[in-house]
Structure formats: structure tokens, C-alpha cells
Amino acid sequence: MEWCRVPRGAVIMNDAGPERILDAQGILAEFLRTRNLTTELCAPLHRDDYMVQATRDTSPPKWHLGHTTWFFEKFILRQFSRNYRPFDEKFDYIFNSYYETVGEFVPKPSRSTISRPSLESVLDYRKQVEESMAELLNEQGDNLEALKRAELGINHEQQHQELLLMDIKRNFYQSPYRPAYAKGRKPVSAGRGEDFISFNEQTAQIGFQGKGFAFDNEMPAHRELVPPFSISSRPVTNGDFVAFIEDGGYRKPQFWLSSGWEWRLENQAAMPLYWEMENGNYGHFTFYGMQDLDLNEPAMHISYYEADAYARWAGARLPTEPQWEVSVGSQGWDEKNWLETGYFAPFSGKETSGITGIGNAWEWTLSAYLPYPGFRPIEGSLGEYNGKFMSGQMVLKGASFCTPKGHSRVSYRNFYAPGSRWQFSGMRLSRDGPDGQ
Amino acid sequence: MEWCRVPRGAVIMNDAGPERILDAQGILAEFLRTRNLTTELCAPLHRDDYMVQATRDTSPPKWHLGHTTWFFEKFILRQFSRNYRPFDEKFDYIFNSYYETVGEFVPKPSRSTISRPSLESVLDYRKQVEESMAELLNEQGDNLEALKRAELGINHEQQHQELLLMDIKRNFYQSPYRPAYAKGRKPVSAGRGEDFISFNEQTAQIGFQGKGFAFDNEMPAHRELVPPFSISSRPVTNGDFVAFIEDGGYRKPQFWLSSGWEWRLENQAAMPLYWEMENGNYGHFTFYGMQDLDLNEPAMHISYYEADAYARWAGARLPTEPQWEVSVGSQGWDEKNWLETGYFAPFSGKETSGITGIGNAWEWTLSAYLPYPGFRPIEGSLGEYNGKFMSGQMVLKGASFCTPKGHSRVSYRNFYAPGSRWQFSGMRLSRDGPDGQ
Amino acid sequence: MEWCRVPRGAVIMNDAGPERILDAQGILAEFLRTRNLTTELCAPLHRDDYMVQATRDTSPPKWHLGHTTWFFEKFILRQFSRNYRPFDEKFDYIFNSYYETVGEFVPKPSRSTISRPSLESVLDYRKQVEESMAELLNEQGDNLEALKRAELGINHEQQHQELLLMDIKRNFYQSPYRPAYAKGRKPVSAGRGEDFISFNEQTAQIGFQGKGFAFDNEMPAHRELVPPFSISSRPVTNGDFVAFIEDGGYRKPQFWLSSGWEWRLENQAAMPLYWEMENGNYGHFTFYGMQDLDLNEPAMHISYYEADAYARWAGARLPTEPQWEVSVGSQGWDEKNWLETGYFAPFSGKETSGITGIGNAWEWTLSAYLPYPGFRPIEGSLGEYNGKFMSGQMVLKGASFCTPKGHSRVSYRNFYAPGSRWQFSGMRLSRDGPDGQ
Amino acid sequence: MEWCRVPRGAVIMNDAGPERILDAQGILAEFLRTRNLTTELCAPLHRDDYMVQATRDTSPPKWHLGHTTWFFEKFILRQFSRNYRPFDEKFDYIFNSYYETVGEFVPKPSRSTISRPSLESVLDYRKQVEESMAELLNEQGDNLEALKRAELGINHEQQHQELLLMDIKRNFYQSPYRPAYAKGRKPVSAGRGEDFISFNEQTAQIGFQGKGFAFDNEMPAHRELVPPFSISSRPVTNGDFVAFIEDGGYRKPQFWLSSGWEWRLENQAAMPLYWEMENGNYGHFTFYGMQDLDLNEPAMHISYYEADAYARWAGARLPTEPQWEVSVGSQGWDEKNWLETGYFAPFSGKETSGITGIGNAWEWTLSAYLPYPGFRPIEGSLGEYNGKFMSGQMVLKGASFCTPKGHSRVSYRNFYAPGSRWQFSGMRLSRDGPDGQ
């Protein structure tokens, strides 16, 4: 990579000239904004809520607070900050998530056994690392590698903001109190008609091609041939899903993948996660507590298996990742879904024409999470960030109402195992061929 | 049962006259002393330590605080206290341990997911229940059933005091910090010679025959024929166990029960729990932190399988429960081992003759935990207290340095599954026949 | 042990003179009779039935044929027979059941993967070992150790005859054809009234005290104090058990041990093994195929957990091992239940007074399988025969209709884990105290 | 589909005229050839070998014989043959593999418990079905649906021929005798140099486009853009893999996918399946028994995880399915690898230039097994044949030396879970970009 130092920043160059400027002060501002948002998101928690890990998938909020901090310490401060003294040597064991090349770490299901450091110590840790990062960015504002890693660390913490909300929701659901995370009333969704919009065969540029930040797994940009298809103007709604349930969709093997059917039996799945049937009515656990099911809201907390079965039942299929990119992804995104709005539900404006629901919920695709041609992970231990998970997972596109701004990129590749559904995962129907039948 | 009310108490009668007096004021005093001790035992905990459950066997300290309180609320206040208003209806679900006839309860491995009620709420709960109990005992001091259940509730909480220490030790061991629970230095044990003391065949009165409190499983008193045997004057020590280890005892199947050998392989057991080998030296995790292994201290945190294998290796066997009662149990017990002393290690005085080490550590016996002839569980849901566990467990006799006073009864029957070893379990050798060979 | 050689035999002496004679020709005759019976029991099998292992508990019939043979080869021929050449060196791995001190062996659940040796080879193996044993007994008829081991090997094979039938029944139950093992019609049981017979406290001689063969676990004979009790004149019948089922016994936790309740949930147990409900009628898989449930037949194929729950429901308990010995065990046994009769159902004669049903089915006791005072396992690897299983199992007394003659000893100790029920296990009610209430 | 009946056959038409003729006599001949080959492949088995299921992945050979027969009975004879009387109604339960819409079936791990029908009955079953199929094809030679299903049934049975060999090899490996399946000596492979051959970006026609038989998952043919890449002229060899092992490849997490690393730990994988280290030499279990490792032979019995790790270690990657098709797949295939040759090892001729090793072993690709755009499963229950497995599996291309002729199609899509390695799976290196670095 060619680049040059400039006062308080670095310029990455490409053949055509400067590609983008990493500006230390901008990064510092974003760093501080992000760090504050993380702790703000914890404000509704009671003290002991920080320790809970309701399932093997989730992590205690305290651990998220520590781990996101450790990321800056381990990969930036320890590398670049002269005289930096680690807060606690044991944190390499406690707050490492999965970096095998860095050393041993607490097994994931045991994260809830970490009572020390205390929450207070973790907050002190956050403060120390924030001060040191500020110092580093001020003093070494032209250190390209430090700037790049700081940017990565910020994006990493933003990903954990959504994870934090996923885990809090799952933890709260486990509680016999079913507490509400957000104050006020959950907004009610507007209904929308459904069209199928057709796309002809095209050769598309896929992957990240902008000038800002992107994860390694979004690159390199490359061409793909996208076969003709049509796609729904809106996500599948709760109301749609009720029809599937009531037609016996969960009991008919012909709609299910083989491993999906096993998953269904093992999990005794009969409706999406967080749904409950009481006295013949569907209820729905949301950030605003238990609510009547909002039939117009995009269906969420469905596994890939459920999404796939629903699509077969509906005589359709999921879109592939490139199909999604050239159709839904090419629309303008709605800022009203950003996490930063302070609303904890999908935003649903008035009926409009065209593709809607973008950013309400992640949308499962028919594409496995695999490397793009020419993919190269980041060098060194950070190469474990994304690449090693490219097996056994499916890609989700878009964003959810819990995704922070700056993550709403058409090239963004979210990924989960096909049986996972504690993430904010929904779906949109697609059909092969140009005519949408 | 015949009995009569007396002012501020009740007298239980038997054929020979008054058997014992349940004195409401005495019970109240013991109740308050016990309640205070429980919270005092938590003093060394940091805030988040209250939430930890390091293994499926252990419970979070906060849960212990709540459960012992619920026991009084559920089985006494709700039954006898006019106008008592439960603190929180959900506590029947949250703090019920295993009373199936009372209703559903949190699965044991999920106790660490209980973030609400908070620790503060649990402490408030404790206060409300303590005040209500005081009121009840003052107002209904002649209510025999209430008095009997209060006494049971006190003994129940005392049992949980030892459980609490067992669980804290296990939790602290899990922590990468290996924190010390107690301040100061662990006392060093004195060495003792070993004799085998012989007992002829005898018919003994077994089970509880005193006038105070005892659990239902200690009754009824009955006669048993005890065959001739000899028994060691002292428990097996850490030094003894080192010899077993170094002779390859853990690797020789001929010394092991079949299920013990499976246990050993599955747990990769090569020494007692809390022992560690570092640079050729044995270390030992204690309430005072990691220490060099104290060779004179009774071996502890061994499973029944390890105890049995050690005994076979030593050409001996474990004593049966009646053998233990007529030999070790008939000695005076040493108050210096009581939990109330504030020391968290077995007390070892100077070399004395006769049987020693009583109350240092629970001693495994060769007796399965089964009902005595004529055993009748308490009526109603409290009948689940002891009787339903009479399967798959072995009896331990004596007491440990973490057992509260008042639990040092010869008839006391502690019990654990043969693979458990997070309790303070040790052993003493015995031999068949009168001559101790 | 003192003993002397005599022509074609050996005499074991005790203080009072000759204890018993081990007569080589008599042993040889019994050996050949036993060997023939084993293969006769396989006569109803189709060729592929020899390979089946329906559950982790069972073994393929072919394996039983090989293992019982290996026992003679390994522990007798290889030790005592000059010039004996093992049939196949790999059989030490293939046909060793669980003798850890002898070497590695096929994991039990993999016994069905043994296709080689073929059935024909195993039958050849049987023949070679039989000829060599005959030769050995003819030539070394005064070799005490060989005679003793031959006697043990015969008893071992007889135990496997019952195991073979247990396993065949379980395997046939697994088959969609539910084939009948025996020809003809299953005999129908006669009804019997039920009395409780009382026994006063007594000191009894327990354990084997005869002059013939007994297993090490039946010894030494010793005295036990048997508390007063009463016991039912007959086993619990299928009809009795139906009443328990129809009273909701399987759904009421108050009747169940804690681990029994877990067992019940895990196994979704709602009736004894081999029972089935079809159109409101109870059916019953027997050696004669599926049959209507015979209400007068002793209830069988119940686990200890079910037996214990039934007893609690009935306001009674199981007898202890000594109680059973001094009551049921002291009755004359009925030869009509012996395996050798060729009937494969419990024999039930006409209504008689006194204790009945002896030898119909094994009877669960309230006693854990633990060593008698003074117990010493056989020296060497054969010490693994019984002693190492003395953990986690309960004693069953008596015999079943599948038990070979010569195993009907009052001191005989059968044992199974409390959740096992593919053995022919039934129960008889007992009550504490002399008056049978 | 447009088609017309012709005497003894049916002609499938497309816009351009007749597409292909399904000739009843030709199908019958292929049917009989295939059926005979299946039973011939079993010739080396001993009688009890037919019953073995060494792992949960494998099926007993007897089951393969029955299942392939049932396929014809269930989907053809029962549909089209007037007066056909099923051999045994229970076979729908016993020999159904996984067709949920057809009814219940024996759980896969229990297939080894099927002792009845006997092997003889299964062979009779085969005969009945063969005769009835011959009759049907003779009488209804113009029944298009019957002809199509017969063709599918033949291809199905051919797939099971390879499965049968996979399972026999796995079963024989389990046996302590490690028997050889094939007589004679395993041929030794010739060494080959390695080149990387470059391919420019191209738009390729992917999927089946011929006129003969293909599975539904190979269709429809469609265009894909294949990015530039280079690919090795030969598969990775055993010798190559030894270098990876000896460089510590199995112990370095940086080369492994996250789930691959878990797989490695769980399976304690340290070399490919069937390899063994003895006295410092690599041995190799083959159809000719244990052999010294043939360093020039293509590495086989590796999981996707191992293939991926090897590729990363080698600074390369696996080819995608389209990349493989346009490079390796476009070469002429070597008939000498066909199963029908009677050799049970990969064929390796003399050193030649160009791409070699085609059809030696299946080659893992970087492509997940997912539907092609426009994929439609067969209507009805046969739609479960392929489509429902399109989750959690990776595509393998090519063929192995155990693949029957007629399955060597460039469009053929084999698929296995990434942790499977009892199939004949190897790999070939690829690199991104046109220049093969």
C-alpha cells in the first residue's frame, strides 16, 4: 500500500491519486462518540444485568464493555503507545474473544463466571484506554497503521453495540420479569402492499468499492454475473408469518431443509423466537416488553431454516447476496432505522412505492459466507477477525434497527449459522427469472 | 405427637414426660444469629461475586441468600402469619430449589441468569422476612408447627452456610485471580502418628436419640449389629495421598471401582480437587489463596471414588456409617473446628492420643444414603427435604471446618454423589475384623 | 486355604474336616451341559440376529458366545493347559468384557461392529475350547485352582444365559416384526390373594454359608440384625401396577426419588418396559410375542425408580436384602421357574398359602450393592469379576424364570443401576415394624 | 415437458426437436448391469460384514442392498406396475432412508439393529424387484415417467455403489483384523511435477447441458462469470500432505477455520483418516490392507477443514465449483479410474503434461452446496432426493476411483459436510488472479 504521512493524519494513495485520508482528529471524535454510546446503551441495565449470559450464544454486557476496550489496548496501545502499561495482564485471558494466535482465553460459555474485574474496574479500564487512545491519536496522528487499527477498533465496538442489544434482549427474555429495556410505547408499523420488482441479467460490481472504511471480508470488489430475478418490495411481515404457521408450515417436512427439520425438532420450534401464544393471541417480546404481535412489522428473529421454509411454502426463494445488492442494496437507506435514533424498533414510515423496509431487519440470503475472489485477511492476528468464520454460515444483508450508523453499507456482510435467531434477522422473498412468478 | 402449649413455647411430650421444649425466644435468638452469620460470610465477596456459578453443582451466593429466606417465607410466614404479604410472587419460581410439589422452578444451571431481583432487593427481602419472623415468633410463640418449622429453617440456612463456602471456594478457583477469601495466613497443621483402634462386635443404637433438633433422615433411632473392625486414629493426610499419587495410584485400574475409573478418565483426575503441580511442587488452593501443600492436613476435596481407591491401595477400606458412629462419633468433638471460630481451615491441635481430626473434614463412609428402618419423611412438601435424595449417594459423617455449630451430631448424615468433591470431604481408613490388619 | 489332591478331584478342608469336594468329572459334566444349553438358547435366532445390539446395555448374541468361551481360554487354558495354543490372539481384545488389568478391549457400544470372527468361527472356537477343557479336566483333575476356575467359568456362562435372553428380548422388541422367541402360547397366570407376613427383630446369618459354589460377593457369611418388618406374600402384579398408572402415579413427583423423577422425564417413562397401550388396552411384549397384559403375572421390567415410586404410592417400601433373605429367601424355591424347563414365562401354580412367586422375577431391594464386612475379591484379574461394580447399583434377590438352576441361592446378589429395566426385575412390598401396617 | 411415445421408449422433445430418447431396452440392460455390479461388490464380504455400521455415518451393506431395491419398488413398481404386490409392507419403514413425506423410517444409527429381513430375504427381495422391473420395462416401455424414474433409480443405485465401498472401508478399518477388501497388490503411483495453469476471466455455461441423464441439482444450466485464477496440474499428494504435517500444520490455528479448529480438537485429528504412524513411518489403510504410505498418490480422506488448512498453509486456496468446471472439468476423463475396472485404487499413468489426476479422488471446492438459479426439485417425494440437503455442505467435483462410469460428468455435484472424510475426498490447489502466484 502506498501512502504518505500528513500532519495529524495519513493519506492512502492509489494509482489515480489520493484514495482517502485517515484524519486522526476525525477518528478520535468518532472513537469518543462510539465509546459513549456503548455505555449509554447500558443505562437501562440494573447492576446484576451486566453479569448475565442467558445462553451459550450470548455474552454478559460487562464482558462486552471489557472486550471492546481490550481490542484497543491489545492491538493498538500495546503496539504503538510508548510507555503504555497494560491495565491488568490477566485481561489478555479474560477479554480475548477468539484470537487463538494471541493466546488462551476464557471459554465462551464461562464468560458469566467472570466476577473480577468488577463492573467498576471495567469502567476504569475503559477510561484508561480512552485516555491513552486520545493521547496516542494526538501524538501519533500520522501513524497509518495505528489510524487504520483505530478505525477498525471503532467499527468493532459498533458491531458489539448491536450484539449487546441482541444479548440484552435474550437475557431479559430469560428473566421471569420480562423487563422492558426501552421506555415509552413501541411504535406501531404501517401496512404495506407487496410488489415483485424484476431485474434482468446483469454483470455487477460486487463488494466494497467506496473510499471509506470496510471490513476485509467485503473486499476485493469484483464482478459477478447476476441472473434475472424478481424481489419483493417489502420484507415478510409478522402477518405473513402467521399465515405460514396457521397453514401448518412448521409441521410439514416438504418445506424444510433436512438439517432445518432436525433443528425444528430439536428446538421444538413452532414460531419465531420471542413469540408466544397466550389464549389464542400471539404476543411478542420486544425492547418495550411483551406486546401484542404487530402484524405489519417485518418478521424477525427467524433462523435461516425458518426463512427458507417460509420461502418454499410461499413458492419463492431467498435472494442471493448479489441479487440483494443490485436490488435492495441500491436503494437509499433510511437513517430512521439507525441505532442512534434512540428508538428500539424498526422504523416504518408511510406507504411508499418502491422497495421498503431497508435497515429494519437483517435479511437472510441464499448465499453462504465464503471469501470473495482475491480475499486476503488482514495480516497477523487481526486476520482472525473475519476470515476464519467462513464456514457453516449464511450471509445476511442490510441492517437492523439496532445497527449503528456507518454500518449501512450495501457491501456489508453479516453472517450467522443457519440455526441462529437471536439476531434481528428477517427475510424478503425473491423469485428466479425476470418475471417474478 | 403429643404436645402442649406453654406461654411463649411448646412442649413435646413422650411416654416418659416432656421430651423437649421449643422455646420461641430461644428460637428467635438463634434465628437472628444465623441470619447475621450468613450475611457476614458474604463480607469478603465483591459485588459481582454474588452472581457466579462456576459449575453446574454450585449456586450463586445471591441465590443462597434468597433461597434461605424464601424457605422461611414459603413454609412458615405464608402458612402461619396472618396478613403476611409475599415480597414478590415470582420468588416462588426464582428461589425454590427443588420442591416439585410446590411448583416450577428455575433449572439449577440457570441460577446465574437471575439478575433480578438485584442483590439489594434480596437483602431487603431478607430484612422483611426477618422482621416478619420476629413478629410471628413473638405473637405465636406457642404455635408448635411454626416453631418446629422455624427450627428446621434455621438448620436449613446453616447447611447453606457451608454450601455457600463450598461454592465460593469453587467460584474463586475458577477466577484467573485465584483470590483469597480469608485474611491472614493459613495455620499449619501438626503431624500425628497413626494407630488402628479395634472394636469388637457390638449391637449399637444408631440414629438420633437426643432431645434437640435432628433431621428426619437421622431417625428413627434403631439398633444395628456392628461387626468387629478397627479404625485409624486420624484422617488420611495430604502427605499420605501424595504417596498414593506417586505410586501411580491414579493410573492403576486394580484400585478403582468401575464407575470410578470412568470418572477418573472423564475428569482426567490425577490429584484431589484444588491441588496443582507447579515445577514439581504441589500447591493447594485454600481460603487463604494458593499455598504450598500442607502435608499434615487431612486430605480433602476427594471424591468417594478417590477415597475408595486410596483405601484399596492402602490395603484397607472405608468404615461403614455405624462403624464410624461407634468409634469416631463417640469421641468428644472439637469446637475449634466450628465455622463460628472465624478460621477457614481445619483445626489441628497438638499431638494427642486417641482418635483425632474429628470435624476437620467430612469423612466418606462405605454406606449408601438410604432410609433407616421406620423412616418417615416430614409430611407435605417439606418431605422433599431429604428423603427423595436417597439414591445414588454415599453418606459422609462428622463435619468440616465450615460446618456451623449445632451440626456436629454423631447421627448427622451428609451425602454426596460418589463423583462429587467440591465439598470438604476427606476420609479415614478402616479394616475388617477386630485386629486391624 | 487348606486342601488336598485326590484322584480326579480336590478336597477343600476347613477346621471341621472336608468342606467340599471339587470333582473333576462332575465339573466336566456340568461344563458340557452348560455349554450345550447356551447354544440351544440361540436356536430360535435367525442368522443376523446374532449381530444385533439394540441398546448400549445389550450385547450381540455372537459376542456372548465368544466371551463365555474366552473366559475359559483366558483364565484356565492359558494358565494351566500345557501346549494350549490360543484360537486367535485378537480374541483377547474382542472378547474381553471389562477386565482392565488384562488389557484393552472393544468399547461395549461397538460390540455390534465385530463381524469377524464370523458366527462359524465363534462356534469353532467354542468347540476347540470345549475339547481343550475336557482334556484339561481329564488330565489335571486334581488341580484345585483349575477346578475352582472351571466352576467359576460355568457359573459365569450361566449368568450369561440369562443376559442372552434379556438381550434377545430387547433386540426383538426393537425389530419392526416383534418376533416371538418361543413357540406355543404363553401360559396365563393364576390370581393370588395378598397377605403381609410379619417378622420380629432377629439376628440372622447373612451371606453364603453352604458348601457348594458361591460368588465372592456373597461372602463372608456374617451376622446382621434384622429389624421387625412385614412382607407381602406375593410379588406386585401387572394388575397392581395398572392401578398405580391409572392413579397418575407416573405424573406425581411426591412418589418419586429425585433422580427417579429425572429418569422418568428423560425416558418419558409412563409404564414398564415392554408394555404398550393400543386402543385403550395394555399389551405386553413377551417371549411369545405381543400379548394382552396378563394382570396376574408379576410386574416385570421395572426400574428401581419405578419400584420405589410404586411402593411409596402403596404406602409401603421395598424390603432390605437381609429382610428378604429371612422371609422370602427362607422358603423352598420352585424348580418350575428354572430356565431349564424350557418355558419362557414365570411359573404360576395354583393358589397356595404362604409366600409365593419366588423365582418368577428378580425382586428389587432397598439395599445398595456394597461389600459385606470382610469381603475379599478373588486374587488377580478375576478380582474384577464382582467387586469393582460395588457402586451406584441396587441389589436384586431371588431369580427369574430365565435364571438357570444352581443360581437359586438365598445369598445370591444380583445388581443393576436404578434406571435399568431390561432385566427381569419385579418387586414385592414390605413394611416397617412387626405389624405390617 | 413435451414428449411422445414410441414403441418401447419415449422421446423427450425440446424446441429444436427430439432431445433424447429414453429407450426401455437400453434402460433395462443398464438396470441389470447395475444390479449385478452391486452384488458383485459385496463378494469379498463375509456373512457378518453385511450387518456392520462402524460409525453413525455409515450403513450396513445389507441395508444398502435393501434400500436401493426399495427405491425401485416404492417409486416405480408401486406406482406403475399393475398387480404388483410389495415384498413386505414393513420395508417402507426399514429401507426408507430419509423421505419424510413417505412416512417414518428407522433412525440412521439404528440400521445395524435390523436383523430381519435376513440377508437371504434381501437377496430374494432384490430378485423379485428385478423381475418385476424387467416385466414393467417390457410391458410399459413407452411410459415416460416410469422410464425416467427407472433411470433415476439406476443412478441412485450407482451412487450407493460408491457409498457401499466407503462404508466397507470404514467398517474394515474398525475391525481388529484390518482385512483387505481386494486381492493382489495395490498399484504404486507415479510421481508428477506440478504446474499452475492460468485462466482468464470468462463467462461460462455452468450446470448440466448435455442430453443424457443428470440429477436435478445440476440444473438448470446457466451462465456464471468466472474470475481469473490458476489451478494446479495435479492433486495434492500424500507427500505434499506429509510436509504440512511435519511443519506442524495441524497444530497452528492460523491455518484453520474456526469450526475447523474445533473439529480438529474434538477429533484429535493429526493426519488424514486411515493414516497411521508406526515407528516413525506412515502407514495407510487401503482396499489392499495396511500399506506403506504411497507418497505420489493423491491425498485422500481429508475433510474440507483439512483441505482448507492445507491450502492456506500452501499460500493457495481451493478452486470454486465454476473454476473447477472450466479448468479440470474440461479435460478428458480417464476411464481407468472407473469403478468397473476392478481396481480399487486411483489410477496413475505415466507422467504427462496438462491437468492430471481427474477422477482419482473427489476434489473439495470452495463452493457451498446451494441451488442453482432456477433450480426446481423433482415433483413429489422424490424432490427430497437432493434439494433438502442444500445447507451446511460443500461441493466436491470430479469423481473417485470408486465412482461408477456414467457419473463422470463435469456438472456432477457431490457434497459432504465439512467435517466428513470417510468419502474418497482429495483436493487441488488454486490461486486467485491470472498469474498463479
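Order as written gives the chain letters A, B, C and D; numbering starts at 1 within each chain.
By definition in this document, contacts are C-beta pairs under 8 Å (C-beta built on N, C-alpha and C of every residue); 3 or more make two chains touch, one makes a residue touch a chain.
Here the structure is a predicted model, which is why all the values come from computation and not from measurement.
S.K.: Kindly list the shared contact partners of chain B and chain C, in label order.
M.R.: Chains that touch both chain B and chain C, as defined above, do not exist here.
S.K.: Measuring centre to centre, with centres taken as mean CA positions, what chain is farthest from chain B?
M.R.: Farthest chain from chain B, going by C-alpha centroids: D.
S.K.: Quick check: how many Å separate the C-alpha centres of chain A and chain D?
M.R.: Between these chains, centre-to-centre, one finds 38 Å.
S.K.: So, what's the distance in Å between the C-alpha centres of chain B and chain A?
M.R.: Centres of chain A and chain B (C-alpha means) sit 48 Å apart.
S.K.: On a C-alpha centroid basis, what's the spacing between chain B and chain D, in Å?
M.R.: Centres of chain B and chain D (C-alpha means) sit 61 Å apart.
S.K.: Touching two or more other chains, which residues of chain A qualify?
M.R.: If we look for residues of chain A contacting two or more partner chains, we find none.
S.K.: Name the touching chain pairs, please: which are they?
M.R.: By the stated definition, chains touch in these pairs: A-B, A-D, B-C, C-D.
S.K.: Using the touch rule from the top, collect the residues of chain D that touch chain C in their complex.
M.R.: Checking each residue of chain D against chain C gives 46-54, 62, 90, 93-94, 106, 110, 112-116, 118-119, 171, 174-177, 179.
S.K.: Which of the residues in chain B end up touching chain C in this complex?
M.R.: Residues of chain B touching chain C: 98, 100-101, 201, 203, 222-225, 227, 229, 253-254, 256-261, 304-305, 308, 317, 320, 366-368, 370-371, 373-375, 383-384, 388-392, 418, 432-433.
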